[in-house]
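The two complexes that follow have subunit A in common; it is paired with subunit B in the first and with subunit C in the second.
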Partner chain A sequence: MAEFKMPSLGADMEEGTLVEWLIQPGERVKRGDIVAAVETQKGLFEIESFEDGILGEPQVSPGQTVPVGTVLAMIQADGAPSPSEESPPPASEQQGTEPSATTQAPVVAAIPVPAPSQRIAASPAARRRAAELGLDLAGIQGSGPDGAIQLSDVEQAARPASGEAPPHAVLTPSSASREGMRQAIAAAMSRANREIPHYYLETDIDLSRALLWLEEENRKRPIRERILPAALLLKAVAKALAAVPELNGYWLDNRLQASVAIHIGFAISLRDGGLITPAIHNVDQLNLSELMKAMADLIERTRANRLRGSEMTDATVTVTNLGDLGVKTVFGVIYPPQVALVGFGRITERPWAENGMLGVRRCVTATLAADHRASDGHRGGQFLAALDRFLQTPDDL
Partner chain B sequence: MSEPEAMKKTTYREAVREALRDALLRDERVFLMGEDVGHYGGCYAVSKGLLEEFGPERIRDTPLSELGFVGAGIGSALGGMRPIVEIMTVNFSLLALDQILNNAATLLHMSGGQFNVPLVIRMATGAGKQLAAQHAHSLEGWLAHIPGLRVLTPATLEDARGMLWTALEDPDPVLIFENNTLYNMEGTLPENAGPVDIATARVRRPGRDLTIITYGASLFKALEAAETLAREGIEAEVIDLRSLRPLDDATYLSSIAKTHRALIVDEDWRSGSLAAEISARIMEQAFYELDLPVARLCSAEVPIPYARHMEEAALPQAEKIVAIAKGMMSHG
Partner chain C sequence: MTSEEIRQVIYRNLRRIAPECDPSELAPEENIREALDIDSFGFLQVLIGISEEIDIEIPETDYAQVFTLAGMLNYLTRRQG
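Now for the complex of A and B:
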C-alpha cells in the first residue's frame, strides 16, 4: 500500500489544487503513469505515480486545495492486502486555510533532495534499441512488468510527437494562477535574497570560433535539426559544472549537497507573463542534437502547460538567457535551494583586442551568481574560465 | 509444391514399427533386444509381429535386467553389430545408467578414439497414462547432460518413422525417447517416408509474437495453445527441438531474434533441467534480443501422481501455456 500525495513542485510550494483525476479508482496504475492534474501557483502539472498497483478511492476531490504531502489516494500494490485500518485520516481533516502543525510539517520535507541514482528497469532489447536511437531511458515510460521499459515503449518514444494525439485534453491554467505564480516567484526570490549570500562574477567570452563552427555544422543539417547557440552555451555550462561541482546541487541542512547528475533548470518566459524553470535532465550526457531536441520539447510543453511534476523539482542549477531581449549582462538571483545561477546576455559584435591587434568579434557576457556558503570566488572564477575554454573548442561539445 | 505424394493413414506406434522393420530389412547386423519385445510384442505393442517375421535371433526377449542387456548391447555394438535396445521406460534406464554413462558414452574417449559404440537405445518416457511415479517421469534431460550421447525426441509421425535409421548410421550411441502418450496418435505419412535428419530443430508453427520451445508430447500441447492464442490475435512460433543433445541453438535463437520473448515448455521438472539449460543459452547468446525474462513451464516438482486429475494438474497443459503466453503479451 502506497500513498499518492500532493507533491512538492518546488521549495516555494506549500499547497496545490487537485484539478482532475486522470485515472479512476479501481483502475490499474503503473509507475510513470499520469494519475492526476494539479494546479499550483506555478501552473498546471501532471503528477506521475511512483508505484504500480490499483488506485484506491480518492480522498481529495477536484477543486479542493490541500497542503503539500496530503494523501490524495492510496495505491494498493500488487499482491498487497486490501486497505484496512492503516489508512491515513481522510484529507478533509488535514485541509483548511489556516496552517496547522500537520500542514506545516510536510513543507519542510518537500524541499527537493537529489534522489539516489536508481537503475532503470528496462529489457535488454529495449536498452539496445534505445542506444541505437540515442534515446535516454530516463525519459521513457515503461509498460512492462513492474513498469519495466520494453521494446515497444522505446519504439513509441522514438515516434515523432506530432503524430501522437495528446493523452489528455490540454489544461489551461486560470488567470488566478498567474497571480499565484507571481506570489510563488515572490516567495522564492525573497527567500533567496534573505538567506543566500550571493557573489557575482562576470566575464566576456569570444564566441567567434564557436559560432563559425555552428554555422558550418548547421549547413549540413536539415532546418528542423539545426542547433541554436543557446544549446552550445548550455552544454558548455554542463561541462564546466562537472569541473567545478560546488556550483551544482543544493544547500540543505547547512551544508552543500553537490549533485553528480547535472539537471539544468532552463528559464522559460511565458507569453502572458511569468517564468518557469523546468529541468533538462543529465545535460552533460546529451549530445548537441539531443539537447536541442530536449530544449524544443521543454519549451513546447511548458507553453502548453504539459510539464511533469518531476521536471519542476530536480533542477540542480539554473541558466537564464536574456540575450534575445538585448540584455547585455544578467545578474541572477539563485533559486533556492540551488547554489548557482548562470546568466547569458546578448551575443553582439564587439571590438576585441588580442595579441596587440584590434578586431571585431562576436561575444557574449557570461555571469555567475553563486552561493558564498557553498563556494568561493576562486572556484567561481575557475568555472567561468572553464566555460570560456569549452566554448573555444566547440567540436568537443 | 511438387506432385502430391501417395499418403497412408498410420499411427505413431505403426510408424516406429515400420522404422524397426525397415532397419531390420536394410541391415542384417541390426537386431532388437529388450523386455517383452518378442513374444509379448512389446509392452506398448510396438514390436508386435516382428518376432514372427524376423525370428528369435533378431527379436530377442531379455530377462528383467537393464544393466545386463544394455551391457550386452554395448558389447555387440563393439563386436560389429547394430543393436537396438529397448528399455521399457526411462525410469528403468536408471538401472542401466552405469553402462550408458561409463561405457556407451565413454569408451570412444577411453580407447583414444579406437572404439565407437554404434548402439541405439529406445525408451518410453513421459506421463499422462496413469502409470504412476515409477513409470511416468521425463528424465531425458538428465541423459542429455552426458557428453558422448546423442539424445533424440521424435514427436511427429515423420520423425517416429525416420529418426531410427539415421541414428543407426551414427557411429556413436544414440538414445531415442518415445513419449508413451504419442503411440496412439493418428495421422498420415507418405508411402515412401524414410530417414530424416537428426541434427536440427524445426519450426512447427510460425509466429511473430513469442517463441515456444518444446519437444515430445508437449509439442502438441504447445500447438493447441498456439491455435487458441491465434484466435486472440497472439501469434506464437512453436519450435520442436527434436534433438536434446546436441541442441540446435540456431533455430530457437533466430526465432527469439524475431519475437524477443521465449517460453520453454518441458515435461521434465524445472530445477536443474534442460529447460534451465536452454534458458541459460538464450541468456548467453541472445541477451540483447530479450524483451522479457525467459519463461518456463515444467512439471510440478513432485513424483508424478497416479490420480488422473492430479496427474493432469502436475503436467504442462495447453491452458497453462495459453495463460503464460497471454501474461507475457499483456505488456507492450
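Now for the complex of A and C:
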C-alpha cells in the first residue's frame, strides 16, 4: 500500500488545493499516469502516480486545501502479497529525485470500491476558476462540446442570482493568483539569498561557428523542425555539467548531493506575470531535435496549464535566458535546493580579438551563479570553459 | 488569398501566442516581437502557424523581412504570388 500525497512542487510550496481526481477510486493506475490536478500558487499541475496499483478511496475532496505531504489517497500495489516485502524499504542511496523507495510497498487485498463515476469534462480555465471559487464542477451545467464545462459556465454558476456584487470585489482572480505567485517567488528567492552563499562568474563566448553551423542545419529543415540557438546553449550546458558535476544537484542535509541525471529547469516567463521553471529531463541524452521538441512541448503545456508535478520538482539546475529582452548579462539567484544557475544574455555582434586580429563575431555572455558551499570558483571557471569548448564544436552537440 | 485575409491569418496566429494582446493595434513598422513581448520560441510558433495556414515555406534567412506587420504582409503577399 503506497500513499499518494500532496506533493511539494518546489521549496516555496506549503499547501495545495486538490482540484480534481482524474482517476476514480477502484481504477487501475500505472506509474506515470496522471491521477489528480492540484492548484498551487504557481498554477494548476497534473500529479502523476509513482506506483502501479489500484487507487483507493479519496481522503481529500476537490476544493480542499491541504498541507504538503497530506495523504490524498492510498494506492494498492499490484501482484501477489509477500510478507517479506513488508519491511520498510532501505533508505534510498540513489541521487535521483524520484521517490522510488515506495515501489517496494507490499500488496494488500483489494477493498471493494464503488463503480467509478464519469470524469467531468471541463476546460483547464474552467477547472482553475472553479477551484478559485471553491465550486464543485459536478454541480455546474456545461455548455461546451459534449456538455463540457467552460469558463463562462463557471462564471455563470458563481454569479449571485440577484445580480448583487460578487463577494470578492477587491482582487480579481487573475490578480489574486498573480499575487500568489509573486509571494511564492518572494519566499523562494528570499530563502536563496538568506541561505546560499552565491558566487558569480561570467565569460563571453564566441558563437559564430555554432550559429553558422545552425543556419546551415536549419536550411535543410522545414520550419516545424528548425532549431533555435537556445537549444544549442542548453545542450552545451548539459555536457559541461557532466564535466563539472558539483554544479548539478542539491544542497541538502548540509552536504552536496550531486545528481547523475541532468534535468534542466528552464525559466519560462508567464504572459500574465511571474516565472516558472519546469524541468526538461535528461538533457544530456537528447539530440538537438529532441531537445527542441521537449522545449516547445514544455512551453506549450506551461501556457495550457498542463505541467506535471514532477516537472516542477526535479530540476537539478536552472538555466535562464534573457537574451530576448536585449539583456547582456544575467546574474541569477539560485533556486533552492539547487546549487547553480546558468544565465545567458542576448546574442550580439561584438568586436573580438583573437590571434592578434580584431574581428566582429556573434557572441553571448554566459554567467554562472553557484553555491559556494558546494563548489569553488575554480570549478565554476572550469564549467564555463567547458561550456565554451562545447559550443565551438556544434557538430558534436 | 487577399491581403486582408493574410492580415487576419497573422492576427489569429499572434493572438494564439499572445492572447491578451490586440494585434490590430500594432503600428505597421513596429517590431512585432518587442511590441507584443513574444520570445523567440513564441515567434517561431507564430511563423509555423502562418506558414502552414498560407502554405508558404519561410526560410530562416528571410526572418528579418517579417519582423514588422508591414514587412510580414508585404513578404507573404509577394511570396504567395
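List of remarks:
The criterion applied here is as follows: the second predicted complex is superposed on the first by the 299 of 397 C-alpha atoms of A that agree within 3 Å, B and C clash if a C-alpha of one lies under 4 Å from a C-alpha of the other, contacts with A are read in each partner's own complex, and residues count from 1 in each chain.
Methods note: a residue touches a chain if its C-beta (ideal position, glycine included) is under 8 Å from a C-beta of that chain, and two chains touch if they have at least 3 such contacts.
Only a predicted model underlies this, so the values are computations on that prediction, with no experimental measurement involved.
Within the superposed three-chain model, A:Gly144 lies in touch with subunit B and out of touch with subunit C [touch as defined at top]. In the overlay built on the shared chain, the residue A:Ala121 is in contact with neither subunit B nor subunit C.
In the superposed model, A:Asp153 makes contact with subunit B only, not with subunit C. Applying the stated contact rule after C-alpha superposition, one finds that A:Met189 touches neither subunit B nor subunit C. Shared-chain residue A:Leu275: touches no atom of subunit B or subunit C. Touch counts on subunit A: comparing subunit C and subunit B, the chain ahead is C.
Of the two partner chains placed around the shared chain by superposition, subunit C is the only one that A:Ala296 touches, whereas subunit B remains out of contact. After overlaying the two complexes on the shared chain, residue contacts for A:Ala385 are found with neither subunit B nor subunit C. Applying the stated touch rule to the two superposed structures, the subunit B and subunit C interfaces on subunit A have no residue in common. Of all the residues in subunit A, the ones that touch subunit C in their complex are 215, 218-219, 222-224, 226, 228-230, 269, 271-272, 295-296, 299, 323-324.
Across the complex, subunit A is touched by residues 260, 287-292, 331-332 of subunit B.
Every residue of subunit C that touches subunit A in the complex is listed here, in rising order: 18-20, 33, 37, 39-42, 44-45, 47-48, 51-52, 57-61.
By the touch criterion stated above, subunit A contacts subunit B in their complex at residues 123-128, 143-145, 148, 150-153.
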